[in-house]
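The structure appears below as structure tokens.
All chains are identified by letter, namely A, B and C, in their written order; residue positions are counted from 1 within each chain.
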Amino acid sequence: MYKLLFQQFLRTRACQLGLTLVLILGGISIIIGKQFLTDQGRLADQATQMQQEHIERNVKLHGDDLSLLLYYLKFALLNETDPLAGLSVGQSDLNPGVQRIRILALEGQKYDSDLVNPTKLLYGNLDLSFVIVYVFPLLVIAFMYNLFSEERESGTWQMVNVMARSKSKFLLGKLLVRFLLLAGVMLFLIGVGAVVLGVAADTAFLLFTLTALFYLIFWFALCFWVVCLRQNSNVNALVLLTIWLALVVLLPAFVNNYITNNYPLPEALSTMIKQRDGYHVKWDTSKKETMEKFYEEYPQFANYGFPSEKGYSPTWYYAMQHMGDVESREDSRAMQLKIRSREASSRMWAQVIPSMQAQLVFNEVAGTGLDDYMDFLQYMNEFHENLRLYFYPMIFSNSEVASVDWGQFTPEVFTNSNKSINWTKKLGSLVITILLFSVLSIFSVRKLI
Amino acid sequence: MRRDVLLLVARQFWTSVFKSKAIYLLLGLTLILLFYAAFSGVSYHEQNHHRIEHQQQARESWEANPDKHPHRMAHFGTFAFRLKHPLSIFDFGVESFTGNAVFLEAHKQNVVNFSEASYSTSLIRFGELSMGMILQLILPLIVFFLGYAAIVADRENGTLKILLTQGATWKEVLYGRALGLFGLSCLFYLPFVFATVALLLMESYTADVWIRLLVILASYLLYLFIVSLLTIIISVGSKTSKNALVKLLGIWLLLVVVIPRTSQAVGSFLYPTPTKLEFRGAIEEEVIQFGDSHNANDPYYNFIRDSVLEVHGVQSINELPFNYPGFQMYVGEKISTEIYVRHHKELLDQYRRQNQLTKWLALVNPYLGVKGLSMALCGTDLETYASFQHQAEAYRYELAQAMNELQIKHIRANVTSSEGKVNVVDREEWKSFPDFTYEYPTVESTLGSELLALISILLWSVVALGMMNYWARNASAL
Amino acid sequence: MLEAVNLSKKYGQKDAVVDLNLKVEKGEVFCLLGQNGAGKTTTINLFLGLLDPTSGKALVGGLDVVENKVSTNQILAYIPEVVQLYGNLSGLENLEFFSKLAGQKIASDELSKLLLEAGLQEEHHKSKLSSYSKGMRQKVGIAIALSKQAQVIFMDEPTSGLDPKATDEFTNICKSLAKNGKSIFMATHDIFNAVNVGDRVGIMNEGRLIYSSHTENIDASEMQELYLKTI
């Protein structure tokens, strides 16, 4: 029977059209993913090459003054791109993957954005996660909406009624045919993507695949329940499309607007002003005061003492710079906290909205979510401090430029390693919704005449 | 076409729709969405208050500076906070993806930072709920839902034959139903018009804003007109109501979801943009070709220095009647700014080329037409953002050069250090340099750059009417 | 009142109506018998002007339908097999709509009278059409034809699916319509009813009118025999 059901379904126009569409879009999405990874790789290469040239040139230009040289020198920090990012680009196209940092006040450099076409960002990426989250459900709907009603509308249901030993088995058979086909296509696309992008077969990839699969099953369960409510094809199509619209367009937009309004970030702007004022005002205040504050932060340097109130002093200059960060620290932390709450809040909402859950898990697994970027920024603080603490004593003691081994300063790569996968948290809510709709379907299927 | 028959058919369609409960449900849902979108729009726009506050705060600390060396002030710098256009409450456009604040200082073109998207979760990529979005995306679906069966259902059950034998012509039936459907869509549209006008009336705005609103409202009206006609056309051209529905939903997906993303992806693929490293690198490279204005021994600047010395007939810069380092920076700023502005324009042009395909596709996709037009007129498109960047950069240049001029004029010739309270300029100078103010582009320039979208909407109206007339002649009642 | 002159219609290569010649006089009821696909509905559609003939002419009130669509349209009415109309409007509202469509401005109580005349009891006038039985719907269809003051009424399978009582009621209404001078052209499967209500009966097979006779000369069982023999 399954063979015939397969044949019958494969011959429908909806099936042929739908599969062609999703294969084309899937193909495009993998190409786009590849392009994205290539760009990221190119960026990393450029950063490495540029860093070397940049240091060489500046050492040549300002080789007589270490403090002046370090005013100019930029040290690159790279955010490592997981190949999975090619499948789910997430926010990593708008948040910079590399930041070149000077040892001056960090707050003024940290948030330097990338050069991106805002219109492109608005329309969004056509990556595989988009195809899975947006397009696959549409195919599920297109394949499922008349699963039962077409039999009734064309009059074959009566026949099935009489002939089939179990009507629910017949319907489940039809369902299974459609599911196997779509799941096959989806796994095929993910597989091709993995090979093309060079994704490692690790737990992250497994989680990605399972999330995609469960998300697909969720849509099948939902559609099956709706079609078993015995409405006609038109009503089913409308109801299912409305649900799709709600799940992938309206609800995420709703939640996003809510989060944006609920956690406004004026701190972003005030951090900026405080950082500038914190540093610049020091030019006009007593040097001693500034140095005292600086030594409070770093008592290990207290032995460098206080420069004369008249004239310029590199120790004082870098202390002033650091004061910019110190005085904006509170606002900066408040901002970090709020951004983390934004992420936490959207994860909470995602527990009840499968489309959001799938997208967030994809991004998380690929390391392209907001949290990953925040981790990067947090690491940047460490990176910046390490550099400063390395150079401070040299600047303060007027060391020779030549005494530094400049070759060691290749771009640092940040790998987010402290991520553990909590399977129940990632897949639990999807499984629960699948079970819910399966149970509902069982009840409705029983009532079918 | 007889007017009374037309109205009769339209009214009958209207009353039929209102006999079912679905319409009230749809109206209710739309109103909820509208309310939420308007609320979001207003509260997004409220951020202007923060920005104005911060602009003032930044200005206060600028003015609070004591007597200082002007070059310190050039680096003290100031900020430009991007203010949202009053109409951004209606359509968010690229607003969330563009930076909101930029630090303006001498020698250095900082990027505009803190876009909403940069600290939003990836949910923002699902799209944002604005009034414009509901009208562009959701309302067409509602119109399809209300109208997909308008003709084909009557044909399926034979009522169409009665309609025609009762004396109505095809033209009257088609246009009557279209009129009824268009009327219904206007009913959904009207609350949006009221809401926007009411929100705008709460604050007083210039004529420019009202003209923009007028064009926006008119183009959405035309968009709904096109959508209504399209629904009727698909309905008359389909064999069964199921076919009509599936076709319309397919068209919706194609026009709204598939084409925009794909065309933008293709555009970006065809016209790659430089990375920030490349962009900065290329500028740095060019600037270095001239020389380093901070470096007193740079060959290019040495040449300039020697020419200046020659003109003034003196031996060293200390004998010049003005501060030479200030002059050198003045020249350097001019050169580096020219180079930056040129590169930045190239970058913008590349963005424009990336968007070109999407813009042209408006000719076959009215959704893209109305979206582009709406974003542009609401001041939330790339061009408006570019104008902000342009103005901020122009201000930055003015600021840097004003400080350089002060240095040239007021600082003694032989002074090279900017530290301390010795070589300073009166603090009143800071106050007399005006603060940054942002001017939105005028409606004329906006319409000029969105001509294609405007044409698309008008063209589609004509095409839709043409197709209606085609079916009025060729439709079959059987 | 109604005349077909060498009327033919082809769908591509397939003949639907071939060389049809027939006449229906004022006040006459003509019943066209035939199997599914015999060409009955096509004939009606040709008279209604919904199809253009391949050759020959369909005349209504002496005018060629193709050339005078507007004027011929004014004097004819059509009642389909199942009168669907607008289910969420009442019978009265449907009648009001369709009569206005025909350019008639009739007061509400006059419309009620038309419904009564068509046999629909007053208690149903204001209930939704979706609650009507098939027979009741047909009565609304007849009232619509009456409101238009049509001279010729076309009916497609009017009695299929009607119970015997409703069929009888319908037959009486048709007869009284004919008595008031209306011409009725009815396509039907129902031989008994055709003989009962029709003044004349024709049999159509594969697009050809192969038999035509007055009903005075023949009874239902003879007609059935003839029908089975000819097709």
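Note that a residue touches a chain if its C-beta (ideal position, glycine included) is under 8 Å from a C-beta of that chain, and two chains touch if they have at least 3 such contacts.
Everything numeric in this text was worked out from a predicted model, so none of it was measured.
Distance from per-chain Cα centroids to the pooled protein Cα centroid is smallest for B. With every chain reduced to the mean of its CA atoms, the largest distance from chain C is reached by A.
Chain centres here are Cα averages; for chain B and chain C they lie 62 Å apart.
Averaged Cα coordinates give chain A a centre that lies 69 Å from the centre of chain C.
Centroid to centroid, with C-alpha atoms defining each point, chain A and chain B lie 25 Å apart. Taken residue by residue, chain C touches two or more other chains at no position, since every residue touches fewer.
Of all residues in chain A, those touching chain B in their complex are 21, 25, 28, 32, 35, 39, 42-43, 46-47, 50, 61, 90-91, 94-96, 98, 100, 108, 111-126, 130, 134, 138, 146, 233-234, 237-238, 241, 245, 248-250, 252-257, 259-261, 264-266, 268-270, 272-273, 276-277, 280-281, 283-284, 310-312, 335, 339, 342-343, 346, 355-356, 359-360, 363, 368-370. Those residues of chain B lying in contact with chain A across their complex are 33, 36-37, 40, 43-44, 47, 50-51, 54, 57-58, 61, 65-66, 68, 72, 75-77, 79, 81, 93-94, 97-101, 103, 110-129, 133, 137-138, 141, 145, 149, 241-242, 245-246, 249, 253, 257-258, 260-262, 264-265, 267-269, 273-279, 281, 292, 295, 347, 351, 354-355, 358, 381-382, 385, 417, 419-421.
Considering their complex, residues 45, 48, 50-51, 70, 73-74, 76-86, 88-89, 93, 97-103, 128, 141, 144, 148, 154 of chain C touch chain B. Taken together, the chain B residues at the contact with chain C in this complex read 4-5, 8-9, 12, 15-16, 19-20, 157-159, 161-168, 476-478.
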